[in-house]
Structure formats: C-alpha cells, structure tokens
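We just call them A, B, C, D, E and F in the order they show up, numbering each chain from 1.
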Amino acid sequence: MMKPTEKELADFIIAEARLIDERKFLDWLALFADDGIYWMPLEWDQEEEKLTTSLLYEDMLLLRTRVQRLEGERTFSQKPKSRCQHLLQAPQIDAIDHDANLYQTYTPFHYAETRFDEQVILAGWARHTLSVMEGELKIRKKRVDIVNCDAPHRNIQLFV
Amino acid sequence: MNKLDITKLLRPAEVHRDVYTSDAVFAEEMKHLFRNSWIYVGHDSQIPNKGDYYSTTIGDQPVLMARHTDNTVKLMYNRCPHKGTQVVIDTKGNTGKFFRCPYHAWSFKTDGSLLAIPLKKGYENTGFEKSCSSKGMTPVENVKNYRGFIFARLNDSGADFEEFFGGSLSSLDNMIDRSPQGRLEVVGSPLRYMHHCNWKMLVENQTDTCHPMVAHESSAGTVKDIWDKEGVDGPKPMAVEVILPFMSPYEFFEGMGIRTWDNGHGHTGVHHSIHSDYSVAPGYFEQMTEAYGEERAREILGENRHNTVYFPNMMIKGPIQSLRLFKPVAADKTLVESWIFRLVGAPDMLLERTAMYNRLINAPTSIVGHDDLEMYERAQSGLMSDGMEWVNIQRLYEEDEADNPVATYNGTTEAQMRNQFRAWEKFMVMSMDGAQ
Amino acid sequence: MNKLDITKLLRPAEVHRDVYTSDAVFAEEMKHLFRNSWIYVGHDSQIPNKGDYYSTTIGDQPVLMARHTDNTVKLMYNRCPHKGTQVVIDTKGNTGKFFRCPYHAWSFKTDGSLLAIPLKKGYENTGFEKSCSSKGMTPVENVKNYRGFIFARLNDSGADFEEFFGGSLSSLDNMIDRSPQGRLEVVGSPLRYMHHCNWKMLVENQTDTCHPMVAHESSAGTVKDIWDKEGVDGPKPMAVEVILPFMSPYEFFEGMGIRTWDNGHGHTGVHHSIHSDYSVAPGYFEQMTEAYGEERAREILGENRHNTVYFPNMMIKGPIQSLRLFKPVAADKTLVESWIFRLVGAPDMLLERTAMYNRLINAPTSIVGHDDLEMYERAQSGLMSDGMEWVNIQRLYEEDEADNPVATYNGTTEAQMRNQFRAWEKFMVMSMDGAQ
Amino acid sequence: MMKPTEKELADFIIAEARLIDERKFLDWLALFADDGIYWMPLEWDQEEEKLTTSLLYEDMLLLRTRVQRLEGERTFSQKPKSRCQHLLQAPQIDAIDHDANLYQTYTPFHYAETRFDEQVILAGWARHTLSVMEGELKIRKKRVDIVNCDAPHRNIQLFV
Amino acid sequence: MNKLDITKLLRPAEVHRDVYTSDAVFAEEMKHLFRNSWIYVGHDSQIPNKGDYYSTTIGDQPVLMARHTDNTVKLMYNRCPHKGTQVVIDTKGNTGKFFRCPYHAWSFKTDGSLLAIPLKKGYENTGFEKSCSSKGMTPVENVKNYRGFIFARLNDSGADFEEFFGGSLSSLDNMIDRSPQGRLEVVGSPLRYMHHCNWKMLVENQTDTCHPMVAHESSAGTVKDIWDKEGVDGPKPMAVEVILPFMSPYEFFEGMGIRTWDNGHGHTGVHHSIHSDYSVAPGYFEQMTEAYGEERAREILGENRHNTVYFPNMMIKGPIQSLRLFKPVAADKTLVESWIFRLVGAPDMLLERTAMYNRLINAPTSIVGHDDLEMYERAQSGLMSDGMEWVNIQRLYEEDEADNPVATYNGTTEAQMRNQFRAWEKFMVMSMDGAQ
Amino acid sequence: MMKPTEKELADFIIAEARLIDERKFLDWLALFADDGIYWMPLEWDQEEEKLTTSLLYEDMLLLRTRVQRLEGERTFSQKPKSRCQHLLQAPQIDAIDHDANLYQTYTPFHYAETRFDEQVILAGWARHTLSVMEGELKIRKKRVDIVNCDAPHRNIQLFV
C-alpha cells in the first residue's frame, strides 16, 4: 500500500485499539515506527512536548519497557492483571498528504480500565499521525488527550 | 483525643497502626499538626504580578495566596466573611486591584481586608462593626517567603520559621543556587496523583532506601534488562540514565548516607545519590562559574542530595529541581502534587530532564509510580488486620538516637522515619490539653 | 445534643457554621425539627382516584400518601410491619383496594391497617396480637389537606396547623384563588436538582434580595445585553419578560418589601415583585371576573408576591404557580424538587409561562440555576475554613425584631433569615431534654 | 447541496458534536436554523413540548445567551471552565423526505462533562430534524433524551 | 457497646431494627461474632499443590490460606510484619516455597513464619527479636479441615469445632457423600453479587419458606405460565425442572419441615424439598452403589435437604452441591459469593445442573436473584422508618423453643430465624464486658 | 437475502441494540434462531459453556421468560422499570462463510442501565454468530463479555 484510503486509515486505528484490548501488546508495538512517540499531555490544549510535564511522552524504548513489564514475574501492580476496553467513534481523517507521506486522524473514544473491583472510564480524543513505511501504515505519533487530563487520577496502567 | 492518647500510639521504633488508619487521629492531625507546623503553600513565581492569586489548602483549610499591591505575598483564608462563600475557586488567575465575592459583591483588598459592601448603609446601627465579619477575609499572619518558597503556620504560637527548619534549609538553598541567577520558576501544572493510603506512608517512603531494588524491580529492572540487551555503546538515553540508578545494589544505598535534622526533617544522599552521575548540560558549568566563581560552582554542583523531607508533608530533589507535596485528604486518602522548576539562566536540557523525571517517576501513568502506589495501598488495607497492631521501623535503631537529632547514618537506616515520628508527636501535642 | 448545644449555635444576627456543616446537627434536625414542624408532603391532584398513591419522604422518613376508599387522603410510614420492606417504591401508581407487601403478601387497607396475612393460623397462640406488627402499617396521624396541599406533622405534640402557619397561608390562598375555579393541578414531574450544600442555604436564598444583580449577572445580565442589542420593538418574548427582572437595581428590591410571620415564615414582594409586569393572558381576566366579580378579581391579581417561604423547607411563587421543596439528604446534600401547577379553568398561556419559568430558573440545565448552585457549594466548602466561624445575617438588623414577628421591612433586609433561625431554634429544642 | 446524501447527513451530526467539544460555540450556533429548537425532555417518552416542564427547550435567543454567558467575565460557575466530550454511535438516518425538505437522524451517544475533579457521563439518544437552507444543512430541532432524564442531576453546563 | 446494649436489641420473637442498620452494631459483629464463631474460609481443592494460596477475608480481617510444605492447609493474617503490606492480593496463585513481601522482600515460610530479611544485620542489637514483627506473619491457630472444607475461628477461646456445629455437619456429609469417591472439587469462580442490605437479611431468607410463591411469582411463576402454555409432553427441560418448584403451594413448604440445631444452625427440607424430584443422571446410581452398596447409596440420595444454614454466614445445598457465603461489608452492604462443586467420579450431567442452578438462581443477572435483592434492599431502606422499630419473626413461635434447640418444625415456621438470633446474642456477648 | 453483505451484517447488529433500548423485546426475541443462545461468561476468556458457572447462558425458553417477566404485574424489581442504552462501535465482521451459512461479528460497546437514581455503565464486547434462515439473518449465538465480568455486580436486569 503506497497511498492509503480513508477506509484503510480508519481500519488501522480500529485495529490498533483492538490489539490493546486483546492484550496483544507486541503486535501493538509493531504498529509504531522506530521513531514513534506516544504522548498524553497533562494540560488542556498543551503545545509543549518536552520542556513541561506530560502524563506520558514515550519513545519505543520506554514503550517496550512497559510491555515487557506488564508480563513480568515481579510486576506486583499487575497481580492481578488490569484489563481495558476501548470504544471508538468512527475515526475522522483530518489530513491526507501523500507527498509528505503524512496522515492525520481524529478519534473520540471512551476507555475503560479495570482491576480488582474498580473500573475507571476515561473520555478523550486520540490524534494519530501516520506514515506508510515499507508498504505498511505506521504510527509516527499518537497523541491522546483526555477531557479531565488535570484531574487527580489513580493508576492508569494500560494503554489509552 | 488528649496528649496521652497520642503518646500511647508511639514506641521508640514502632508505630501503632491507628496512626495511619484512624479517622480520629487524622482529625487531630488537621487540628494540631498541620497548624503548628510550617507548611509549604506555593512558589512566588506562580503569582508574579500584582493581583495574581493561587488558591490551595493547608491541611483541610482553604487558603488564598495573592500578590498584594505592595508586591508582597499575602495569605488569607479563602472564605467570605458574609456567608462563607469561597471568594475564588479557580486555582490561579489575576483579580486586579481587589477580590470581589460572587454572591453579594462584598469586595476585599488583595490582603483580604474589607474594601466595600454594596448598600453599606444597611449595616448602620446594627452593631456590624463589632462582628468578626466587618474585618474582611481573615489573614494568615505567619507567612515566610524563603527565596521564593512560601511557607505558612496557621497557629499563632509555635516554633518560628528558622527554628522549625534549622539546617534543613541547606537543601532548598542548594536547589536554588543551581540557578546561575539563584532563581527558580514553577513550570507548568503539577502532576496530581490520588492515593488511597495515609499521607505518612508516602513521606516515610521518601527516605526508604531498602525498597527500590525490590518494589521497582518491575520498572527499573526492566529498563536495565532491555538496556543490557539492546543498549548500543555510547551515551545512555536520558530516560535510561534517570531510571537505571533505581536498581543500584544495597551497598550503594548504604553508602549514600542519611542525615537527620531536628523537627523531623532529613535527607538521603549525603555522600552521593542516584542523581550524582547525570551527564553534564553543555555550557551549564560555564554559566555557574561565571555566576559564582569556579570553587563555589563546584561546591554547589558537588552536592547531590537525593530526597530531602521537609516535615511534615513535602519533599524536594535539589539536583532535579522537583518538589512533591503530600496533601492529606483523609486517613486513607492522599493527593500527591509533583511540581517542577526551571533553573533561571540554565540550559533547557536541565529542564527537559526535570520534566522527564517527573513524568517517568511521579505520574499516575508512570510505571515507577504504579510500583509504589501498589505498596502503599496494600499496606493501608493490610493494616486493617488485627493480627499485628504495630508497624516496625527498627532498622539500625540506636537507643540514644533521640538525643542527637542532627546526625548522619548508614543509608539504609530507618532513623529518619523515627525522627519524623518524634516530630509528629511534638507538633501534635504542643497545642493539646493534658487531658480531655 | 441538648438544648444548650443548640442555642449556643445562634446569635441574634449570626449563625455558627456548624449549623450548616455538622452531621450531628443534621441528625438532630431530622429527629426534632422535621418532626415538630408541618412539612409539605404533596398535592391531592397527584392522587385523584381511590387507590392512587404517592411515595415520598419527610426529612429522612419514607412515607406513603394514598387516596383511601372514603376518598380522604391517608398518610402512613412506608414500612411493612413484618420485616420492614417498603411496600411500594414506585413514586406513584394505583394499588387498587389494598396494598400488598411483595415479600410475603401481607396486605393492608389504603389507610395502612392490616387486612390479611397468608397462613394467618401460623400466628395463633404466639402473642402476635400484642405485637406492634399486628396493627399494620403505622399511620401518620397529623395530616392536613389545605385546599389540596397536603401537610403532615410526624410528632404527636406541637403547634397545630393553623397556629403553625398563621397569616402565611394568605400566599397559598392567592396562588389557588388565581384559578377561576379555585383549584390547582400538579403538571408533570418535578425537576430534581441535587446540590452539595446544606438545605438551609437554599431556603435563605429565597428571600436574599441582594444577590440577583450580582450572582445572576452572567445569566440575566446576558439576556439583557443580548436583548438590548438585538431586541426589536414591540412585545418582549416570554423568556425575556421572565428573566430581565432579575437584573433590576437595588432600589427595586428595596422597594418590593419583605414581610415576616411567626414560626419562620415570610415572603418577598410585599408591594410589587419581578412577577408584577407579566403580560396579560387573553381572556383570563374575564374568566376571573366571572368567577369572583371584578373587584375581587383585581384584588387577587393585584397581589404579586415574589417568594413565600413556608418554614422549614418549602417555597411557593403565587403569580407563577410553582412550588419548590428543599429536601435535606445530608448536612452537605440537598435535593431540590421544583413543581408546577395548572390553574384549572385558566388559559394555557399561563401554564406555558409557568413551565418556561421552571426550566429557565430551576433546572439542573438552567443557567440561573448554575449561578446559584455555584454560590451554595462554594459556601459549603468555604465554611470549612476555621478563619471565621460565624455566618453574618445582620443587614438591617433591629434589636427588637424578635418581639414583632409579624412585620414588614425594606426589601433588602436579612430579617426573614433571622426569623427562620428563631423558628429553627424553637422547633429544634421543643422536643429536646434540657441536658443530656 | 439540494439533496443531502446519507453520508452528508451523518457527517453533519458528527461535525456538530465536534464543534461543541472544541468549544467553537459560535460555529455551532450557526448550524441552527433561525427557528431552530434545542430540546431536552424531562420525562421518558415525553410528547408535550411547552405545557409541561422540560430540562431544556430553547430557541436561538436563549442559545445565543448561553454561548455568550459561557465566555462572560462574571460567569462564576465557569471559573474554572467546564469541558465536555461526545462519543457518537454512527448516526442512523430515520427519514429522508426531499420534497418536504425534512431529514431525521437518530444518534446514540455518551456525553462526558467535567469541571474541577468531577466527571459525569450521560447516556442517551439525539434526534435531529434537519433541512437544507440556502444550500446548507440546518438544525430545525435537536431533541436529546438521556436515559436517566428523571434522575437528580447536578449542573449540566455545556451542550449534550 | 456492652452485653446489656446487645441483649436489649432482641426479644423472643422480635428483632430491633438497629441489628440491621446500626454501624455500631456492625462493628461489634466484626469484633466479636465473627471471631467467636467458626467461619468458612475455603475448600482445599482450591489449593491442591504445595505453595498454592487463596486470599480472602473473615469478617473484616484479610487472611491468607496456603498449602504448606507438609501438605497441610495453613491460615495466616495477610499482613507483613514489617510495615503492614498485604503480602499477596491476587485471590489465588502459587508462591513456590515461600511468600515474599513485594515492598522490602522480607520472606516467610508458607505457614507465615519468618524466613529471611535482606540486610538482616541492620537489626542486630536493636531489640528487634523482642518485637512482634520478628515472628513473621501472624498465624490463625484455630483451623479445621473438615473433609476438604476449611473453617477457622480467630479468637483463641470459644466453642471447639465439633461442639460449634454439632449435628449440622450431617448436611455437609450428605453433600460430600454424593460423590462416589466422597470428594468434592470447587469448579470455576464464584458468582459475586453485591447487595445493599445487611448480611443477616440474606441468611434469614435461606429458611424463609413463605416468600417464594410471592416474591418469585414474577420469575418462577412466569416459567410455569410459559411452560403450561408451550410445554410439550415428555420430560421437562432442566431449567424448567429447576425453577418450577419455587412456585409450590404453601402446603408443600409446610410439609417439607424445618430442623434447628444448637448454635444457630438449621435447615429446610427435612422430609422433601424442591430438589427431590430432579431427574436421574444415567449411570450415577450405579456408581454410587458400587461405592457404597445399594442401601447406603439409597440412604444418601434419599436425603434431599433444601437449604442448610451454617451460622453465622454460610448456606449449602447438598443435593445441588452449591455453597453460598454471605460476606459482611458494612451494616448495609453484603457481598454474596456462590460457589459450586463437582462430585468427583459422578456424571457431568450433575455438574451441568449445578452450574445451571447457580446462574439461574444466584447470579446478578438472574431473575430469581432480582426478586430477592429487591426485597432485601426495600427492607434496608424501610427499616429507616421510625414508625415501627421491631422486625417480627413470630410465625409459629413456641414459648419453650429455646429449651429444645434441636427440633423439627412445620416448614413455614420462623423458628430457625429465632434460633439464629439466640446464637447471635450468644456469640456477640461471650467476649464482651458486662458493662462499659 | 441469501448472502448478507458486510453492511447488512453490521446494520443487523445495530438494529438489534436499538430494539432493546426501545424496549421492543418481542421484536428482539424474533431476531434469534429457535436454537439461539445468549451467553454472558463469568470469567475472562471463558471457554466452557455448560460445566461451569456463567452470568447468563439462556435458550429461547428462558429468554421468553425474561421478556414476559419484564412486563409482569407482579414483577416488583421492575416497579419502577429499568431503562437501558447501548452505544456501539461500528461492528467488525470477523468471519463470512457463505457455504457454512455462518457469520461472525465483533462489537465493542458501552451499556448503561438505570433504575431510580442509579446508573451503571458496563464496557465490553459482543460477539454474534449469525445465519440466514428463511431469507433473514438470525442470531445463533450472542456472546457478551464485559471487561469486569468478575466484579461484584448488583442487579443487571435488561439485556446487555
């Protein structure tokens, strides 16, 4: 695939969330480009990426760490394991630029994470920046803004 | 509760579980401990201009910090003297020349004093001028601006600022001196992380040097594992540099040392710390030398204290310019705020590391944070067990400890926890009746 | 708590914050105040037919109002005498000739008296007939149907209905008389609006004439602003007509006057009110003249009282035919129910305005409601401040006020709030021991 | 556009919700016809619009008031501001009547509104009645039913 | 509370509502009743291998059940002796040869005794060996493994196991004997169903034979109705066979009989029960005969007890191999766990019926469960009514009942409820002071 | 319809949920094949259907019972009645096998159920197995997994 269609872009976003719900974290990692970034800002409308605090701003090394940790023998905060579920509105295609090989999507979502008897539901918007690499769509950046980004959250352990 | 009830909860190296789980004890902490102590309120860089305000809490008390017309920082209870309305609830903003209550428009100068009341004549000959309400918003009198850091003591009597903190201010000084201009600025919003456990568990953890290699094996250990496998030669990425030291062996922590001061303050990392070996920010040392001269610059940067606990509920990391506030919400609920600062005049790379450290270690989305919260909350529920009523903090306990509050120890001692609880008792009972 | 504990909470023109924030005080209110007072239960148009029922609460007590076989309205505690099951929990319905408990099918007449028990023989020679359970559901004895409005007093002793309400019934009369047939009917469901504040803050607000132009500047002020900009000539839209008066100047509210009655009742709008200048519904005056004669009709429609507070927790607006009930849930939690009525025999336009007023002012989605809730909840949290322990209600205070409970005042006085708290003390302590 | 397609109708509904989430309230107002009505019934299956209480029944004058108020200097219940997020199921087209120039859509949604540290989630169905006016789709009526319409709600300050 | 406070809450055939609604009474239940009684913990088939553990609660106490290296089942408080951390929180797993606390890696043998502490030398000459923490996790001493069923009594003194349960063990025996190998195995996870009511309401309901035909008319009655309409000839589907008996007439329940034992135990279905007429599983009787001989096999299978209540908070159904645990969470909150067992060596058809029964009757998604929960929660709120303070359990009451704890009654008596409350009083006060 | 398209399959799932929300329970029952099964497992990744506990495992007889009960005069747990709302992500088609006449769909959802003033939100995934029978799509099996399947739930009275 050199020039993804709108449907291919949307299907990619939907497939990504499903991989997380099904805990296929290694397959999920494989969706990222080597320079991929997963970003959850701390503030509403946050612009700055590195010179202020974010909830999450991670490269592949850190994401691989998270994934390996989740299955770790001594990962006590995952005994028992958390589970999560994504509910996506149909992804909207905000930008298609074949020449720059850049594609932007916008996806409102609700995210449920549960462990023991507690369940939390986060509401927000995922903004993906994608590129085609070696014939496959890859995530260059996934930005997740939650509507209550500045609330006092407890543990959020999986991937929104 | 009275003095005796409190003192019965402590032994030289053991703490009764009620200290963590009892609602009654928590109420007394709000009523005594958090009013007799000097509590960190905020930083004056949060309110640079006249009329700027910041609203927060001291213990369970809503307070309002404002930059007054005379440019000084004023603190007042956030409570309208008419019917009790909180005058502002936005955490921050600028109110101009005066505060105006949104309910009936009583207005107050930025030091809280009454400015005006609509239809004021309605209070003539009513004896209003004799009421407490006629003075305006109640000010907090005991406020100290220490090089930008604002502290307050709600009770009129008690130890004064210097006496309360003593030598521990050296850690704040070192953090501030790391700016070539000797000035810090708050950057962004704090991380806010809710814990279902008692606030003291978090404070104790700040000098708990025997937990990282165990509790954080899942996070730091995994980074180490991945880095060992994947790590190319050459410099470590910043994230690896920051996280790896958490996996240092016991010897490392034994060697770093712990220092205690009077009134419950203390710090880890007397001789070295997990922050000692960070790579240098290009140009920074030159800036420092220019500002302080080479010797003094080396002295400042040579001091790499790990965590400094300011009793009762604050911790700073000088070398990384971060501050954590452990705000008590209930006996089993604590809100942790993690703030970062810019070293004015220093390279951005330092701020980048500070911001990274904050999100990697202190965020509700941080794997290191997950490790710790899991321990606190397991302990909070474990303490409900009646199989054992005492928490043990006996490691490297020495009988005469209490006689030498200012001392340095092997880095794995629990002496600083014991030091905190001696101060806890002192500031709990100082305003209590002998019996009740 | 005992009498002294209660009386210590009040001063002639100040109220201690515990009155709003203390769980103990709230418990005493449920135990004494809400049982010694006559509380509004519902309207008989909600249960027009035999067997109709309506379930609600008086304070913290679940009660059941039913239309009995003799067509009178009966009230009983909603509690099965067997094992305590609430016999119905649907707010309304028709139960036919009897209530039947869903657990073991004990049945009761529509006045609560025991009708039948399956396998009744199982209780022979057990002494059952001597048990409290053998009587059936406990009835509430003191019930008054005042022109369709049902009130009840749970305690056996206390002031009787007429004595309790005295002259304040004139406001209910005026609302009812506005129907050419002298009859009202409940329309639809009430708005239910949850407030995290003490119920008394809402009651005080009903006669708080110094807050609209301030607290509602954002809602009413914006309507005014938009109307001034966009308003075409000719008649105002109904919504504008309803909201604009909220922005009237202080003089308007001073001039409207406030009247107080004994036992904590009172109203704003003695001389005129924000409801005075509503446009006329075509044909209505003719209907009224026909029913009452012109003079009496003018008299009825000339009375435009604003808010009438029926102590302790109800408010009505005669000219707009609405009723608000401030149901206490906890010291810091209040459920507001806003009901509307149809003037039987009057034009629909009046009901349309009533319905519009209700959603524009009293809904959880209403911008005017947002203004007010914000004030109440800011006050509830502000009162946690120990910087000041007293709420001030001193405006236009006069020393001899208490001696003349029935009086008329400048419309900006806080006298009615003081009147309420005198009644609050009276009905709190009347069933209390002197000491405890 | 004289005769909107099903996709155009659905896209319109999705775009409307996004404008609210992004606080572009003036653009949102522009989606309404001059005689547009925004209605939130109080009761389940409520039929009556004017002669009984509703949660909301507002014409453009009142909606403009709300929008202007949200940005007002003295709007204390919006200091700090509320934020909201819509999550829409794919809108269903219930009626297409080109001759009458009337189009009906049905959209299940969850709505999150947050202020300070509180978040509320409302679940319901939006029913839009649309017409084409001067070549553009306009909202003649937006009816929003929430599943717990009769529950004791606290403030709902933005637009469901 | 003291003995007198407790005894005042009970009458021979009435129970004061505070027994169900008071937080203070609930606290005393946790402190006394649930420590003086033998409480079901779990089944040893949940931890078949060495190092297997299962974590649960006894009253409000977190406990840990483990298979020790000597293959016996050990029970200990789930609380680290260092700082109180729960050592495991996973409900089940295998810990290998020892438990290791995740906070600082103190380790414990699978009987809880201390195994090792990192840097142990840090405790030399500190007096640590004299502290309670030096022993390890506190074991629960009084544990009984009765044919696979693990019970424990937290308090040291009190009735021993056989004395406590007496003849009631016959019901457990019958359930176990139904396995040709005399062995049961837990199958799957328990249903967990949260009820907002007091735990005793659920326990009483287990022998409440006058409610099925009323409260379950909506579920069982509808099945009957549909089956009557649609039912083809020939054998009933399993689901119909299971649900229909709930609609049996009063005579059926009168005839089934109720038996009581000392200490609050008892059961319904002395002569027959709703489980009597289940269709036979092919081959099962042959298996049983082979195992036990025909006569004994008939004896075992001829016993079809309905519900057996093991005081205070467990119920089993022998013929259907299910167990329900009513876990107290708060005065108005109860977690019901419904477990099922496989009859080792018996046909799958029996397990299929057991599983079906569990989801049809005990699930939060079960219509029968909906019927019951509705009653409990209506009662919990109904009991808030002060119109009547006593719950009535007088049906077929006999004056001398208390003198003959072991007895058989007409199946519609409330005698077993009275029996439970006599035991409730006994085990509440046995560890209380006479006055306080 | 002999060979349903992907759109027809998706529309069927969406229509099914709407029938439940609108309390058209008899129409909903008619969507099931005579041998249709409605299954809600108790455990995460549960395989076993009959020899272990489930939250729900019901054939048509039991489903008809539920529906009739919901309208029953003596159904006290439905006085007042519960209401529910489904919010579906666009159904994904996991398998199309025309020869076997078997079609599999996967639908993440959030489900809100309310009664009195209580509202609960369940998050999960619905897996439908469909067949064409007499020209119409029918449900052979509907499997509903909720993310917190093992949490201590209170009453769930309608159909997830």
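One rule holds in what follows: a contact is a pair of C-beta atoms (placed from the backbone, for glycine too) under 8 Å apart; a residue touches a chain by one contact, two chains touch by 3 or more.
A quick note: this is a predicted structure, and the numbers were derived from the prediction, not measured.
Student: Let me check something: if the centre of a chain is the mean of its CA atoms, which chain is farthest from chain B?
Tutor: The chain lying farthest from chain B is F.
Student: Would you mind checking which chain's C-alpha centre is most distant from the centre of chain A?
Tutor: C
Student: Counting residue numbers used by both copies over all numbers at the interface, does the chain B-chain E contact come out same (over half shared) or different (under half)?
Tutor: Different residues, largely: of all residue numbers at this interface, under half are found in both copies.
Student: Out of C-F and C-D, which chain pair has the most contact pairs?
Tutor: Here the pair linked by more C-beta pairs in contact is C-D.
Student: Can you give the whole-Å distance between the Cα centres of chain B and chain F?
Tutor: Each chain's C-alpha centroid was found; their separation is 52 Å.
Student: When the C-alpha atoms of chain A and chain D are each averaged to a single point, how far apart are the two points in Å?
Tutor: 29
Student: Using the average of all C-alpha atoms in each chain as its centre, how far is it in Å between chain C and chain E?
Tutor: 48
Student: Between chain A and chain B, what distance separates the C-alpha centroids? Give it in angstrom.
Tutor: Their C-alpha centroids are separated by 33 Å.
Student: Could you tell me which residues belong to chain A and also touch two or more other chains?
Tutor: Within chain A, residues 74, 76, 87, 89-90, 110, 116, 121, 151-152 contact more than one other chain.
Student: At least two partner chains per residue is the criterion; list those residues in chain E.
Tutor: 89, 102, 215, 374-375
Student: Could you list each pair of chains that touch, in label order?
Tutor: Contacting pairs: A-B, A-D, A-E, A-F, B-C, B-D, B-E, C-D, C-E, C-F, D-F, E-F.
Student: Note which residues of chain E are touching chain B in the complex, please.
Tutor: 60-62, 76-87, 89, 102-105, 118-119, 122-123, 126-128, 131-133, 137-138, 140
Student: Which residues of chain B touch chain A in their complex?
Tutor: 187-196, 215, 217-219, 221-223, 225-227, 230, 237, 239-240, 335, 338, 340, 348, 351-352, 355-356, 358-360, 363-365, 367, 369-371, 373-375
Student: Under the definition above, what is the set of chain C residues touching chain B in their complex?
Tutor: Touching chain B: residues 13-14, 17, 20, 201, 208, 210-211, 214-215, 250, 254, 374-375, 378-398, 410, 412-413 of chain C.
Student: Which residues, counting only chain E, touch chain A once they are in their complex?
Tutor: On the chain E side, the touching residues are 88-91, 93, 102.
Student: If you look only at chain D, which of its residues touch chain F in the complex?
Tutor: 44, 87, 89-90, 92, 106, 108-110, 121, 123-125, 147-148, 151-152
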